[in-house]
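Here come two complexes built around chain A, the first alongside chain B, the second alongside chain C.
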Partner chain A sequence: MKTADEAVKRFSSSRKRSFVNWALQSIRVIFKDSLGATGLILVAFFILMALLAPVVAPHGPFDVVYKPDKTVARLVPPNLTNLLGTTNQGMDVFSQLLHGSRIALLVGILSAIGSALIGTAVGLFSGYYGGWVDQLLMRLTDIAFGIPFLPFAMLAISLSRPSLYLVILLIVLFLWRTTARVIRSQVLTLKERPFIWAARAAGVSHLRILFIHIGPNVLPFSFLYMAIGISYGVMTEASLSFLGFGDPHVMSWGQMLNFSFNAGAMRNAWWWVLPPGLCLSLFVTSAFMITRAYEEMINPRLREF
Partner chain B sequence: MAVLEVKDLKIYYKTLKGYSKAVDGVSFQIEENEFLGLVGESGCGKSTIAKAILRILPVNGEVVGGEVRYKGKDILSMRPRELKKVQWKEISMVPQSAMNSFDPVYQIEYQMMEAIRAHEKMTQQAAQSKIEEMFALVGLNKARLKDYPHQFSGGMRQRAMIAMSLVLDPTLIVADEPTTGLDVIVQDQILVRIKEIQEKLKKTMLLITHNMAVVAENCSKIGVMYAGKIMEYGGKSVFENPYHPYTLGLIHAFPSLDETDRELLSIPGSPPSLLNPPEGCRFRQRCPFSADPCAEKEPSLRRVEEGHFSACHYPDQVEKFRDLAKKPATWQ
Partner chain C sequence: MTGLRKYIAVRILLTVFVVFCIVTIMFALIKFMPGDPTSVFFDSNYSQEMIQQQKKLWGLTDPIMVQYLRYLKNMATFDFGNSFFQIQPVRQIVFVKLRNTIMMMLPALILSCVLGTLLGAVAGWRRGSTFESVTISTSLFLRSAPPFFVGILVLMIFCYKLRWLPSGGMTAPGSAMGFWSTLFSIDFLQHLILPTLVLTSREITGPTMLLRTSMLEVKGSEFLDILRAKGLSEFHIIRHATRNALIPLVTYIAVMTGLTFQGQVLLEIVFAWPGIGREIVTALNDLDYPVAQASFYLMALAILMMNFIADLVYGFIDPRVTYD
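Entry: the complex of A and B
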């Protein structure tokens, strides 16, 4: 008996995991999936790019570059001093591209977190309390579903001053709706599960049940929609910027495309168009790949054996 | 004073087709240290009673009459704050499908700690030792406290749930089908454990089950329920000298080790719709002995022996019933 006890003890203690171990293990799970691994490497690359942008970029995003003869270097094709050439106003495309990654990450992360927070909260309350709370919140969600985003955002931006944070706010207001619906449906099934009954029988308050017992059980879905929100947010910001509704003081990839379009350079200055376009697609694709691998993890039905 | 007193309890469920009379005028009481078993078919209202005692009826369930008193205090009219003092601390529960009654995202220990902390000011250490003590009591290794529910087998989870129900030292434990979904051997282990705990810790128990053998073996008092009503109520004599035709049917529907050559029978038909229960005796449509008065007047629980009650119009013909009930032909 003694040895059995010891064996159990050893077994249990070997499973006590530190945070580092846990993080490594999570990453290893994603790496098992080649799609997820590709996405992870790409995103890591973009994060690195954003972190190193101020160090690596030779110029600021709005700095004008001059030729040796003191004239502005307009639309110079890629060369050794301007790796990706210059714009029609003589700005270094390479530097703009590097700085653009910071904006992309900022927009992606903030809009994803914001929409996941709102969506999860709405879904939790709506699903758990039901009745008029559910009615109110779900009709609000219906309204959010009914509003066409681009016209609405363009109107809102033209009525106030265009700014990056306004754009992020608009994206958040637009993205939470799907999360809310999905979380709500999860809560509807969770709240009927025996452990919720047991908690009620033990006199646990509704709010505590909601946040301590139901909340953590729907977290995987919040994270999934957060991950989806990253690519969605970046894409939406790019669309708005391309249409000329972006923050004029912020050089995002969409903004670069907008500038090159307005300059009529889309056809002849490939070095100005291709890099932001490619970066946008790559970033969105890599976020999607991670999402896809993650979704496969939390939804066994998508798994192939 | 009785620990739990249920008086003329009526619980209706609101459905689209009207009110379903799940529990319709049930009365019983449990004295201290007593072990009451409620038996009956699925849907006869057993679990509804348990839920009403703990005040966790679903939103469409409504107590339309009667009272539930715990040590004289009316549970049904308690305010949330008073109720919280009673829930789990005084009356705890081993819920139906106890196997799934742990939150899958937390360790067992955390959940037991939560139950203690929600109701009592106890130091971390005191709570910890209490949890370990209860784990030992139900025969689980304390090294497994840090496990998640999915790392336990069904039987272990069930035992952990029993440990959890004991952790605040409640007076009354309501066990709602505590062994559903387990194999017979584990079922037996758990029931033996429950019985042991009940005797050793002097707990008052309400056991709800559809398993006659379990009740016959463990309970000091038995209530047989049918279609929202108690049909027969009493001590062990309910099984030794049953008076009600429904109890007779149930007993003969179960295999017995003593009479191995006996043919098993089944009660024909199915329980009546509780939306619109029949007039008179609720069992009469399936009762082989029913007569005209059964359709007219609903029999009330009447004393047939000392501390033994039966809701049948014909307690005087019981000898004949008992004889006939043994023959499968009677029930066809």
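Entry: the complex of A and C
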């Protein structure tokens, strides 16, 4: 725990250290935690999987595989040519699985960055300016909290054309809400601290105080919610795809589960159900493990359930 | 007391405001998104005049403000019109589905609150024990796994491999009976076991974590020393401590119930449970927008109601809270 405190202090007190240094430091601290280390190793594995997918995967995600006698290889159990068997349309499960990791990373990273940016900005302005700005932004947050997300996303997708980017956009539109509330509460305490008064007295402008003096101090929380956003984003995309509202041209793990569930593969083709489900679970859980280690590092008392 | 009254008034206003905004967003979505719900009815046999005539009958050619106000009125009076495909008023369909959803949710919620309270209380009391770390990490792990995959796994094991339990639905086909006789039939209970198991495994995390944390706080308080001085047994002391640690749980239950409504959709699909979440999915696939819209509206209302109740309970239950 001592190293953790040091790392945070070092980060929040001096901005001389470069971002890369700080990131390495954080990773080292997370690595000390056995749960966090497991998570990091798993995520590294998934990143590797995503990078190598085009090289390693024997087929494209939608390629139909044929048997030697030129018939479509439907529901073939795992063997040496199709490591994880094939689907009912003769697509290679192993290749789909590898390509799915790229979709998961894309969705996770984009929705995490998007929601962290919006949430942090909303939280900063709302907490710092107070008054009507705060009222407006917080009522907006209330609305975002009041809407049942999955049904709303399904309604929005069914009224337009389903696409991966629409899904990501919808996830971002809902993920920022928690970040905004947490950042706001942080800013509320920070802005009463003496160093902010000192900055005000020295004639520093509001915007500069907000982004140069307060911003870096709430950054650990932005990163925390960004990390949470990765697993939440991937999980949400998978849920939507599983329900049949994903991009039909993108074979994500959720989409694989959707197809296998609808084809009744639960009964006769475990190789089509278990791999995407296990990958999804492992990915989400590993992101969660990192989050937990990181969370304990920046604030042992902050837990949201 | 005025502080509390003002707090309640503000909460009511806020809830009504959010409901109004959500309803408006829904209206805008259906009006301005590229998809046109009426296209379900018209094929190439309709001439342009016939389409216009029909739209006029439906009131779709009125000025948008008129349509909006009419829509607001209908939403406020729970008048959702008729389903496009099922020859029934939407209200009837949706309320039956809502009841089914609650029938699936309630046992799981009760079970997770009771079990979660017990586990969390013991975990908090035995801080640092193996029991604590096992309980906490198991429940966190269960929570982070995707619910629909857990559901599928459970189905694969108990229904397709072992053939112990039915694969889905609320009752076996052909067993149409009254509401009460269904509720207490063995058949219904068999169908209920797996969904309850999966839902409980997810929802138990909240009460467990909450009870553990609040137990840790209560544990240090002085009244326990007095009980101990009185010579009460460990069991009785834990009971007193738990009673005090329960306060935060009461508000959490309301919030949890609201949140479960959305997560429910996935499990209802996996277990083919004829609830409101499944209704949204099928309605959207059939382009039956009145049903989809009404289901969505009811879900949003349920969530907001629960949050409102949580706020109220929070105000009543703990006299230490002030509102100024």
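Worth a mention:
Simple rule for what comes next: the second predicted complex is superposed on the first by the 273 of 305 C-alpha atoms of A that agree within 3 Å, B and C clash if a C-alpha of one lies under 4 Å from a C-alpha of the other, contacts with A are read in each partner's own complex, and residues count from 1 in each chain.
Everything that follows uses one rule, which is that a residue touches a chain if its C-beta (ideal position, glycine included) is under 8 Å from a C-beta of that chain, and two chains touch if they have at least 3 such contacts.
Only a predicted model underlies this, so the values are computations on that prediction, with no experimental measurement involved.
Contact with neither chain B nor chain C is seen for A:Tyr165 once the two complexes are overlaid on the shared chain. When the two structures are aligned on the shared chain, A:Pro194 is found in touch with chain B, with no touch to chain C. In the superposition on chain A, contact of A:His213 is made with chain B only, not with chain C.
Of the two partner chains placed by superposition, only chain C is touched by A:Arg267; chain B is not. When the two structures are aligned on the shared chain, A:Arg292 is found in touch with chain C, with no touch to chain B. By the touch criterion defined above, A:Trp22 lies against neither chain B nor chain C after alignment on the C-alpha atoms of chain A. Which of chain B and chain C touches more residues of chain A is settled by the count: it is C.
In the superposition on chain A, no contact is made by A:Tyr66 with either chain B or chain C. Comparing which residues of chain A touch chain B with which touch chain C, the overlap is empty. Residues 5, 8-9, 11-12, 16, 130, 193-195, 197-204, 212-213, 216-217 of chain A are the ones touching chain B in the complex. Note for the complex: chain C touches chain A at residues 14, 17-19, 21-22, 25-26, 29-30, 33-35, 137, 140-141, 144-146, 148-149, 152-153, 155-156, 160, 205-206, 209-210, 213, 261-263, 265-266, 269-270, 277, 280-281, 284-285, 287, 292-293, 295-296, 299-300, 303-304, 307.
The part of chain B that touches chain A in the complex is made up of residues 54, 56, 59, 83-84, 87-89, 92-93, 95-106, 114-115, 118-119, 141, 143-144, 146-147, 161. Interface of chain A with chain C (complex): residues 35, 139, 142-143, 145-152, 154-156, 158-161, 231, 235, 238-239, 242-245, 257, 261, 266-267, 270, 273, 277, 280-281, 284-285, 288, 292, 303, 305.
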